[in-house]
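Before we start, here is the structure in question, set down as structure tokens.
Residue numbering begins at 1 within each chain, and the chains themselves are lettered A, B, C and D in the order written.
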Amino acid sequence: MAVNLKTALGPLELDHPVINASGTFDVLEADTVLEEDLFARFPFAAYVPKTVTLAPRAGNAPPRLYETSAGLLNSIGLANRGIEAFIRDDLPRLALLPVPVIASVAGEATEDYGVCAAMLDGRDELAAIELNVSCPNVELHGRALGLDPAGTHRAVSLARESTSKFLIVKLTPNVTDIVEVAAAAVDAGADCVSLINTVHGMVLDPWSLKPVLGNVTGGLSGPAIKPVALRAVFLVSQAVTAPVIGMGGVTTAQDALEFLAAGASAVAMGTASFRDPLAVTGVVAGLAELMEERGIGSVAGLSGAAH
Amino acid sequence: MAVNLKTALGPLELDHPVINASGTFDVLEADTVLEEDLFARFPFAAYVPKTVTLAPRAGNAPPRLYETSAGLLNSIGLANRGIEAFIRDDLPRLALLPVPVIASVAGEATEDYGVCAAMLDGRDELAAIELNVSCPNVELHGRALGLDPAGTHRAVSLARESTSKFLIVKLTPNVTDIVEVAAAAVDAGADCVSLINTVHGMVLDPWSLKPVLGNVTGGLSGPAIKPVALRAVFLVSQAVTAPVIGMGGVTTAQDALEFLAAGASAVAMGTASFRDPLAVTGVVAGLAELMEERGIGSVAGLSGAAH
Amino acid sequence: MDAGLIPAKLFECQVAESRPVGAYRQLALVAPEIAYLAHPGQFLMARLAGPALDPLLPRPMCVHDIDSDLVKLLIDPVGKGTAALAEAEVGDRLSVLGPLGRGFDMEGEGPAVVVGGGIGVSPLLLLTRALLQRGREVRCVLGFRNRSQAVAAGLFPGAAIDLLTEDGSAGRTGLVSEPLPGCLVREEGNPAPEIFACGPDAMLKAVARIAADCGVRAQVSMDTHMACGIGSCQGCVIPGPEAYRKTCIEGPVFDTRDLKWQ
Amino acid sequence: MDAGLIPAKLFECQVAESRPVGAYRQLALVAPEIAYLAHPGQFLMARLAGPALDPLLPRPMCVHDIDSDLVKLLIDPVGKGTAALAEAEVGDRLSVLGPLGRGFDMEGEGPAVVVGGGIGVSPLLLLTRALLQRGREVRCVLGFRNRSQAVAAGLFPGAAIDLLTEDGSAGRTGLVSEPLPGCLVREEGNPAPEIFACGPDAMLKAVARIAADCGVRAQVSMDTHMACGIGSCQGCVIPGPEAYRKTCIEGPVFDTRDLKWQ
């Protein structure tokens, strides 16, 4: 049986269902450092750069990383050079990638979502815009908009009014009811939801017993959170009509298979790329094998099989 | 330096800071199965039986367990023989334990918290009552009361009116703001908060790709959730004046040390007892060594060291 | 049943031998106390000793065989826990809690029909030896997916063996449920035959039905996911006629009449 | 600096040797490409090959030494990642990404003062060899906590060595910052001495201050937690005079003037 790995997120056609998670693969750096010619053969089916904000952000004070049991805690703090530098310096280079590019934006103020979306709307280099609603919001004293349905609705509405691009909203799992937030995003005009962002956590230095991270708390990712992510994808994909991008701990082909079965139309790999920057290649090949073994001919035939 | 492991939760004096987490150690069964004489030498500093409800509950359909990366997903569903059988059959035997006994109760209806607390109030065998507010609530169509501050406040108020026993409220992490829920519990009269209960999650069968658990979703425990628990303990212990019992992934003496440093006055071990039913013994001994190495003479001197 | 009254203990024991048995792996552990105490059908909770947290929990493993001080396990590496155990090397240490659970009741008199499916043959080897030692007539009906699993049938000594595989690559083609009724014919004046079975759920369900149809007693060893093995977690339950039953302390061996079969 | 322009690759390589060096462990990996390409001060991201998820991520490890096809690591087992690497046995396979980062600039002319603290001596062995090969005068000032760590000083060949321990159990008692200023006196008509250092943060801070005070150049190799090693995660940053700098691709070796020292 020939397995067809092609999948679609609305108008975005992807050669296979595995993309990268924002903030975990910097193609411009990786192409310099790694031997592979990533612009000739890009292993992910779409490219999502690190989240950008209106103004540049230095990010949180180091240390920013700590490994936990089967997980990684980080507090990068959305370090980025700002949307103007992104448009000016990065976009022209990213346009050379052989896959769709999905910009990720976040707002420190609610209206930033509208402003950023407007700035990206005319850019042909971009196939879609992902809204990261987990940015500390200044009006909310650092609380993220994405932590409640109303805040999410506001941010998404502003972006929706400012762009006709395919609009993805990336959900945080740190809420009582992620389905409610997903519904608000779709209600406000999101074309697609991606989930999950990292789970709130903290680590102490084993010796000094003080918080390790400069920012005290951080976000947990990796295999440790896979069950949390899988549940969220399973519930959200049944509750909203928009396609879902599933992520959170995807490390093996079996993981990708399960996220698709849980209801995702595509999956993203984050932390696993730190284990091996080209792990995606093995995941895509392995996914085809697992689908073949199970007699599943297409991603559409797999997506939601667990429901 | 002699290390003093004694700690107190209000009027409850504990020989050391490690107790068991509800639902993870059944002393009546374990005493029959294991060679150890648990009634002569009980390794935990207090004993918390499995949560009981007003009416008996059969619990969820099997399968009820699945191991994840450094975690365990369960959906036992508060299987128990009901509070009457607990009072009649179990309490007289538990009274023979050489440590304080803390009953754990949950309500399927809000008023059950008051009714159960009243039933236990006069029982001298009990040193304290723990309210598990993560029980599926019938009035809320299966949603747990503990998922919002108001529901928690109602349940705790009813229990508080019905008992003068030391009242512990066990918090769920599946909320947007656990500090807010903790504050509501204390405001309603809780003497102590314990946290965290399990984190919502799901697993699929690797082959059939259907949910493994009979109940579809379940609760994640073990080392995977330790960073989530540590953050919650760190934040809650700084926000409320009531003492905190910390739990979630405590497996080693180092873990216990960290939860105490994060602000707990005692810690509970759950999943780790499944790895080894007497792991607690090593944790207590190891904790004394780690405190000695760091020149920390008492639990009071350690508690909150991370703040 | 006469097993399950022996107190369980936590041991660290060393792997003395490791050898492939077709698709399975047989480990021999130096564990004199368990070798001395364990009853056929009882199990251990076993994991690699040490602080590694993935796999996190021990896995239930039947006592497969006993050879003086050695306790043998037979392992089918189906997932990460069993794979980790199967990869243990000679000299490695296992953390083992046991013996646990209620084993097979061997007090009956009739001819024993021992039915195994796949890795379910694991506890049946020790059982068969014990039944033969008691002078009981034993007939084994052993089914496997394929030839590579069926190698395990070669472990069974001195008993009459019906070997079946699903793909026909060894023995007869088919499932154990097919020849089973034919083995249950009661001979005039003799006590009724009795079934002892372990294998996949679907097989045990068929065994329960056949036993009921033929009016013979059947004891089956049930496989469920377990966290604690000692009655603490309530994770291992299976439906009984009235209430759920804990496989770890009320089983793993049950009389089929004490369970509910949909 | 002349390093960091060589493309990095992912390799699986076998452990050819493992031996204790006092408190540390030295592993030799069969990795011809890295042996051929790596520059002193560059590093690898290394973990045990295979699917185990705890430890989850590779750990940054300096190229400690090169011996024809063998690349050597020197490991201080301070946590679970380094412990897992230190326990690798001959024949085990490591997954290794490298060579990574910018190494030491060895183009200077003056006498080299090589300053190491604890496991920070790891990259300094290859560096010392390379400096000697270039005909530069090398003096090593190596500090350790105790005698057992100080065994690593014995690895350094052919250079003058000042050995110090904090507890006085080997060499002189004290910290490397004490003798350092005395090594920086510029001889008439000769180029100024230059510092090459690797060690704990507090030591590097002292080195930066002393270098500034004495007006000599110092290159330091910085230790931060890393997730990716290739510039993707932004997790490894340290403060520069204006902005954060990524240790993995802008370092790990920095000129002390390019960093901010509080």
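Here is the rule we use: contacts are C-beta pairs under 8 Å (C-beta built on N, C-alpha and C of every residue); 3 or more make two chains touch, one makes a residue touch a chain.
Just so you know, these numbers come straight off a predicted model, no measurement behind them.
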### Message
Quick check on the contact graph: shortest path length from chain A to chain D, in steps?
### Response
1
### Query
Chains in contact with chain A and with chain C: which ones?
B, D
### Query
B-C or B-D: which has the larger count of contacting C-beta pairs?
B-C
### Message
Taking each chain's centre as the mean of its C-alpha atoms, which one ends up farthest from the centre of chain A?
### Response
C
### Where chain C and chain D are represented by their mean Cα positions, the distance between them in whole Å
55
### Task
With chain centres taken as the means of their Cα atoms, state the distance from chain A to chain B in Å.
34
### Message
Between chain B and chain D, what distance separates the C-alpha centroids? Give it in angstrom.
### Response
46
### Shared interface positions of chain D, touching two or more other chains
53-54
### Query
Among the residues of chain B, which ones contact at least 2 other chains?
69-71, 206, 222-223
### Task
Report the topology of the inter-chain touch graph, choosing from line, ring, star, complete and other.
complete
## Note on the structure
Per the touch rule, the chain A residues reaching chain B in their complex are 68-71, 73, 147-148, 174-176, 199-204, 206-207, 209-211, 216-217, 220, 222-228, 230-231, 234-235, 249, 254, 257-258, 261-262, 294, 302, 305-306
#### Entry: For the chain D and chain C complex, residues of the former touching the latter
52-54
### Summary
The residues of chain A that touch chain D in their complex are 23-26, 29-30, 32-35, 50, 58-59, 62-67, 69-72, 74, 76, 79, 206, 222-223, 251-252, 271, 273-278
### Query
chain B touches which residues of chain C in the complex?
7-10, 47, 51, 53-58, 79-81, 95, 97, 100, 224-228, 230-239, 243-244, 249
### Message
Which residues of chain A touch chain C once you look at their complex with the stated criterion?
### Response
69-70
